[in-house]
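Inspection log for the structure reproduced underneath, given as C-alpha cells.
Naming follows writing order (A, B, C and D), and every chain is counted from residue 1.
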Amino acid sequence: MSMRDLYDGVRKRSLMLAEPLSDEDCGAQSMPDASPIKWHLAHTTWFFETFILERFEEGFAPFHPAFRVLFNSYYNGIGERHPRAQRGALTRPAMREVRAYRANVDARMGRLLAQQGGDELLGLLELGLQHEQQHQELMLTDVKHLLAQNAMWPAYMDSALPRAQGGAALAWIGFDGGLAEIGHGDDSFGFDNELPRHRQYVAPFALASRLVSNGEYLAFIEAGGYREPSLWLSEGWDRVGELKLAHPLYWQRDAHGQWHEFTLHGLQMLDAARPVTHLSLYEADAFARWMDARLPTEAEWEVAAAGIATASGGLHPAAAPQGGGLTQMFGECWQWTSSSYAPYPGYACAPGALGEYNGKFMLNQYVLRGSSCATPPGHARASYRNFFPAGARWQFTGIRLAR
Amino acid sequence: MSMRDLYDGVRKRSLMLAEPLSDEDCGAQSMPDASPIKWHLAHTTWFFETFILERFEEGFAPFHPAFRVLFNSYYNGIGERHPRAQRGALTRPAMREVRAYRANVDARMGRLLAQQGGDELLGLLELGLQHEQQHQELMLTDVKHLLAQNAMWPAYMDSALPRAQGGAALAWIGFDGGLAEIGHGDDSFGFDNELPRHRQYVAPFALASRLVSNGEYLAFIEAGGYREPSLWLSEGWDRVGELKLAHPLYWQRDAHGQWHEFTLHGLQMLDAARPVTHLSLYEADAFARWMDARLPTEAEWEVAAAGIATASGGLHPAAAPQGGGLTQMFGECWQWTSSSYAPYPGYACAPGALGEYNGKFMLNQYVLRGSSCATPPGHARASYRNFFPAGARWQFTGIRLAR
Amino acid sequence: MSMRDLYDGVRKRSLMLAEPLSDEDCGAQSMPDASPIKWHLAHTTWFFETFILERFEEGFAPFHPAFRVLFNSYYNGIGERHPRAQRGALTRPAMREVRAYRANVDARMGRLLAQQGGDELLGLLELGLQHEQQHQELMLTDVKHLLAQNAMWPAYMDSALPRAQGGAALAWIGFDGGLAEIGHGDDSFGFDNELPRHRQYVAPFALASRLVSNGEYLAFIEAGGYREPSLWLSEGWDRVGELKLAHPLYWQRDAHGQWHEFTLHGLQMLDAARPVTHLSLYEADAFARWMDARLPTEAEWEVAAAGIATASGGLHPAAAPQGGGLTQMFGECWQWTSSSYAPYPGYACAPGALGEYNGKFMLNQYVLRGSSCATPPGHARASYRNFFPAGARWQFTGIRLAR
Amino acid sequence: MSMRDLYDGVRKRSLMLAEPLSDEDCGAQSMPDASPIKWHLAHTTWFFETFILERFEEGFAPFHPAFRVLFNSYYNGIGERHPRAQRGALTRPAMREVRAYRANVDARMGRLLAQQGGDELLGLLELGLQHEQQHQELMLTDVKHLLAQNAMWPAYMDSALPRAQGGAALAWIGFDGGLAEIGHGDDSFGFDNELPRHRQYVAPFALASRLVSNGEYLAFIEAGGYREPSLWLSEGWDRVGELKLAHPLYWQRDAHGQWHEFTLHGLQMLDAARPVTHLSLYEADAFARWMDARLPTEAEWEVAAAGIATASGGLHPAAAPQGGGLTQMFGECWQWTSSSYAPYPGYACAPGALGEYNGKFMLNQYVLRGSSCATPPGHARASYRNFFPAGARWQFTGIRLAR
C-alpha cells in the first residue's frame, strides 16, 4: 500500500469511529484524562498541520491561528495549550468545522505528498499515522467512559454482544530465559521508546496461557480480595480505601445481586468466560498475589511474544479460544507488567518538540504489553510499549499471570 | 394575560434563549456551578412534570423514567440525582429529544390547564414559571462562562455592544430609616424566602445614586487595591492569594496594557462608564472599604427601592443615565448586600420536596438585591432575595455603595 | 481591684492553666485551628509587648526580634507571621524561655504602669487582658482536642467528673419582643464588635429554659437524625456525608454499644443529664428542626439574657439545675445562634493593626452567645459575641432552642 | 563483636542522637513524612518487643498495651495504627516514659539473649538492629526538617561547619558492562529487597568521578534551569509549577542575593565545593539532562561500587577529595538512580507482618544508592537499596551523573 493510501485509510477510520455518535456525543469530556471525540479528530489533524505542513508546505498558513493553542496536547515546545481538563468546553469549533479542518489538511497533505517524499517527511508522516491510530484507541475508551456516566447506559454500538462460548482452562507455558534481545529491531515503524534494541538477561519464567477471566476475578472478589491488605501494594491499599474500590471499573450489581458490565454494546450480564478488563495495576497485582503468581516483566512478555501473530478485535475482549499455546497476547486486553516505564539503555529522544512525544513521561508509569480489542488493525507489535499510571482503569487493561 | 398565555410565553422564551447556540454549545458544562443549556431546558420541564403533572394528571406516566434522576437538581425528597459536576456528560438525551420532552410536557400541561384550575395547581404553576425564569438568567450567565473558556472568544450574540455615553456622577441619597416593613406584601407572586413581611428597625443611611463604574473600579486596581490586606475581609484576602485575583472575572489585558472585557457580545474594550460586574462579595466589600463606604444591608436596599420601577436589559449592563435620583436599582447588576441569607422571622418552608427550594441554602450565602440585565422581564421586584456564596463571580454582580 | 492587680491575676491564671501539663504537652498542635499551649502563652505576651510596650516604653527593645514573627497570630498590619498550621514545629523557644519572656514582659509592664496611666494605655491594657482571657478558653479547648488524639485518653485533670443529678424538664419561656436595644451599653469593657448599642426590632419569641441534654441528643441519633436529609441545611448534609458524621465530636461507642464522652477529666460514660456539647451549627440546626423548633437569633438571646447573672464553671458543662426560669445561659456551653457574624449598624473598627482584631472575620461565621465552662470568670456578659464557622466543633458549643 | 554488644551499641547510639535535643524538640512532627524523635525511639523499641519478645519471651506481657497501636508504623498484619500525620500529637507517653520503655525492653532483650540464640532469633535481632539504624538516619533528616521550619534557624549541633577546601574536577570513569551479578551475595546481613543475587546485562557506561557540587547546581539555576520545560520530566515540570520550585530544599537567598543553606549546624553560607543535596529525582534528572548526561541505573551503580570501601560522615556532606578514581560513593549523599524500586527476579517477601517491611512499597518509588553523611557507620553496602518517591527532598539526596 502506498503511503498516500495508508494516510487515507487511517484518516477515514477516525471519522468512521465517530459515525455512531451525535455531535453532542463528540463534544463532551467525562474526566480530565479523557478527551472529546471532536478534540481527538482535531488534534490528530493539528499534528499533521504542525509537524509536517508547517515545515514542508510552501506558503504555509494555518487553517485557523487559534487551533495551534486549542489542539496542542502537551507540547511545551510548540507553545501554549488549552487546559486539558477543559477540552469539553470547546464547543467551537463545531464538529462541522473540525470536519472541514480535516478535509483541508487532508487536501494539503495530498498535494504535499504528490510533490515531496524525502525520508524526513515520510518518517514524520508515519509517525503522524501511528499517532492517529493511538488516538483511535483512545476515542473508543474515552467515549466508553463518557457513556458510562449516563444512567440510561447508552450503547456506542447497538448490535448485540453474544454470550461467549466455553473458555479454555488456564495452563502455564515455560520459557528458558537467558540473554535476550528486546526492543524494536527491523525496518518497520517503531516509536522511539522501543529503541534501541538491546540485550537483557531474563531468568527462566512461565506465563499463563491466557488472560484472567471475569469468572476468576469474581472468585477473588467473593473471597474478600478487596478487603485483605496483605494482598495489596501499599499505595493500592490506600486507593482501595479512598475510592472504596470493590470491583473493576464498569462492573455493577443489580438489586438481585446479578453482576453486569457496561460495554460499548451497552449494559450486559457479566460473562464469566470473557477476560476481566478495566483494572488498575493495583488490582492486577493484588489478584496475581492471591493466585501465588505475579505480573510479567516487559522483557519476559516480549520474549514470549516473539513470533506470535497480532490480532485485532471488536468492541469488547473475547473469551480465550480452546486449544493449546499462548493465546490472547494481542487484540483483547492490554496486559499490565511489573516494569516501570523507563528509557531503554541508549535511548535518545528526538530533538525539538517531538522529543516530548514519549520521553518526558518516563516516570511513575507502568508498561502494558500486547494490544486490546480497541487497538487499530496493524498497529500492534511485540515490541510495543504502552504505558499508564498504576491507577488508570479506563483502558482495556487485563491480567496476564507469570511466575 | 391568562395563566396559559403566561405559561406559553415563559416556555417559549427559554427556547428563544437557546436559538443563537448550536447543539454542541447547549450540551457543555464549564464548571460544577454552571449547567449546560440543555440541562436547564430539561430541568425546568422536569419541574412541571414532577411537581404538577405527576400530581394532577390523570393516568400520569413519565415521559422517560430515567429523566427523574437525570434532571433532578437538588431535591433529596424526590430521590437520586445525576452528579451536578457531570451534567456535561449527559450527551443523551439529545437536544432534539429535550425539545420533544418540552413539547410533550407543554401539551400535557395545556390539557391539564384546560381541565383543572384550583389554587394549589395555579400556585405550583406560578412557582414553575418563576423557577424557569430564574433558570433563564442562569442560561445566560452559564453560557457566558462557557464561551469565556474558549480563546477564540466566541460571542453569544454577534451584534455590536455600543460604546456607552457619558455616565452620571455619583451622588449620595439619604434615607431616614425607622421601623420599616420589608418582605413580600401584596397578592402577587413571591418566593417563600421573601415571607413573611415583617418589621425591621433601620437606622438612617445613604445609598449611592448609581452602581460603581468600570472606571472607578480600575482606579482601585491601579491604586493597588488587590495588594493591600487592610482592605479585605480575612477570607477574601486568602482567596486573592490562592487564586491570584487581580481584576474582575472577565477582564483581561492585552499586550499593550489595554483592558478588555469578555461579554455576551464577545471581547470588548473596557468601557469606563458601564458598571463594573462579575465581582465576588470579597471584591465588592474591599472596594467599598477603599471608598470609605460599605455595602448596604438588604433591609436598607429594600426600603430605598420602594416604589422604584423595575427595568430589564440587554446582554450587558448599561451606563447610568444622566439626571438625579436613585438609578440602576434594577436591570443592570445584582447588588451585593452585607446581609447573610437567613430566614425572615416566622419563615416557614413548604412541606415536602418543594421545601428544599430555598430554605436549605440559608447558610454561608449572601443576599443580592435588584436584578440584572439577564433577569427576564417581569421577574424582578423590590422584595426579591437573590443569594450566592461570597466568592461567586459568574453572575452579573455589581456594587451599590452605602454609608 | 487596681488595673495592676487585674493584670497580675489574669497573667497568673494563664500559667496556672498550663500547670497540669508537661512541656511536651504544651508544645504540640493537633490541627491548624488549635494552637499549642506554649504558643498561647507567648502570643498573649507578644500582644502586650507589641501593642503596649513598643508604643509606650521608653527605649523599647524587643525581648527577641524573631518573636515578632513567631507569635503574630493574624495581624497583617504588624508584618509577617509564622504559618498557623506549623505552630507545633516551634520547639524553640522552649517553655522555659517562654516563661522567661512572660516574666520579662510582666516586669516591664509593671514598671510602665507605675509610671504612666493615660486612657489610651489603660484601654490597650484592658484589651490585652480580655484578649488573654479569650486565649485561656482556647487553651482548654485546644488541649482537649490534643489529648483526644491519643488512644490512651489522657485526662487534663485527674479528678473525677461526678455523675450529674436529675436534670430539669425543658420548659418554654416567652418574650414579648418589640423595639429593643442590643449591644454593649455601659462603661465597662466591650469589644468593638459589640458596638454601637443600637435598636433592633424583635418579634415575640420563646426560648427553651435550658440547654439540650445528651439524652435528648441521643434520641435524635437513635431516631436516625444523621441519615435524614430533610433535617439538614444543604451544606450541613454535604458535611455529614464527607466526614461521615454520626455523633458529637468527642462521643464514642465501646464494643458493648455503650456511649462515652472524652472530657478534660478523661473518658467518661455519657451522662444523659448533662448538656450536649461539641456540636457544629449544622448539627444544632438539624436537631432544632427535628424538634420543630429553631435556633435563636442573637438579638433574641441578648434580649432574654438581660439581667441574668453570669456564671463560670469547671472543666465540663453541668446539668441544668432544678427550678424555674431561664437557666444555663452562662457558664456551660456557648449557644449557636442563627445570626451570621456581621457588623452592627454604625460599627467602626479601630485604626491600624488592632482594627484586624474582629472586623475582618465578619463573613461566613456565626455568632454564639453566652459563655462556657471554659470561659474565665468575669469574662462573660450579655452583649458578648463569640463567633466560629458553622462547622467548628472543638469549642464547648451547645444548643438553646427557640421558637 | 557479640550480638549482645552490637545490640547495646546500636541502641545507645539512638539515645545519643537525641542528646542535643530537648524533650520539646523530640516530640514535634513537621510533616506527615517525618516523625518525632520520640516516636522513632519508641517505634524501634516496639519493633524488638513485637517481633522478638512477643514471640520468644516466656510469659510475655507488653510494657503498655496501648503502645502496640501508638508505635506501629505501617504493619497491617499487627493491627491498628495511630495515624501517621498525627504522631506529633502523642505528647504522652513522655520522653521520660519512652526512655523507661527502652530500658525495659533492653533489659528483657538482655535476659532473652542470655538464654536463647537460635538462628531465627538472631536473624530477627539483626533485622531489628538494621531497622533501628535506618531510623537513626531518619532521626537526623526529620529533625533537620523540623528545625528548618523555625525562622530562628536553630542548629542541631552548634559546632561550626568548616569551609570546604578545593573540590576536585569532575572526571568520567568508564566501565565495560556485560553480564553482571547484582544483589546481596555473602553471609552478611542484607534486606530481602537486595535478594536474590541475580544476573543482569549492563551495557558499557561511564560514571562521574564525584557528586555534583553546589557550584555546578547554582550554574544550572542561574542558566534558568527551573524555567525551561524541555529539561524536565512531565511530572517534574508540573511540580515545579505547583510548588514554585526554584532551588534545592534548604537553600535560601538573603536580601543581598547571597545564597545560604540550612544545615544541622544552622544556617551557613552556600559552599560551592560541597555536594548539592536535598533534591528531588525531578531536579536530579533535569540537571543531568542539562549536562547532556543522565542518572545511572541501580545496576550500573552497583557494578561500579564493587570493592569500594564504605565511609560514614558528619552531619553534612563534604567536598570531594582531590585525586583520581570514583569518590563520594558512600557517606555523603544518597544518589538517585533512574531505576524504579521493583522486586528482583525471584524476590520473595517474608511471611507474616514482616513481609510488609519492604515488598509492599515496590511501586512509584525510585532507588537511591550509596549512603549519606547521616547513615550510621557499618550500615552501608554496595547492594543496599534505599527508595523514596520522586518528589522527596528531605533526605540527604544528591546527584551522580552517568552517560
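Please note the rule applied: a contact is a pair of C-beta atoms (placed from the backbone, for glycine too) under 8 Å apart; a residue touches a chain by one contact, two chains touch by 3 or more.
The model shown is predicted, which means the values in this text are computed figures rather than measured ones.
Shared contact partners of chain A and chain B are absent.
Relative to the C-alpha centre of chain D, the farthest chain centre belongs to B. Rounded to whole angstrom, the centroid-to-centroid distance between chain A and chain D, based on C-alpha atoms, equals 38 Å.
Chain B and chain D have CA centres that are 57 Å apart.
Annotation for chain D: no residues touch two or more other chains. Looking at the complex, you find that chain B touches chain C at residues 74, 76-77, 179, 198-201, 203, 229-230, 232-237, 281, 285, 294, 297, 338-340, 342-343, 345-346, 355-356, 360-364, 390.
Partner chain A is touched in their complex by these residues of chain B: 22-30, 38, 66, 69-70, 82, 86, 88-95, 146-147, 149-152, 154.
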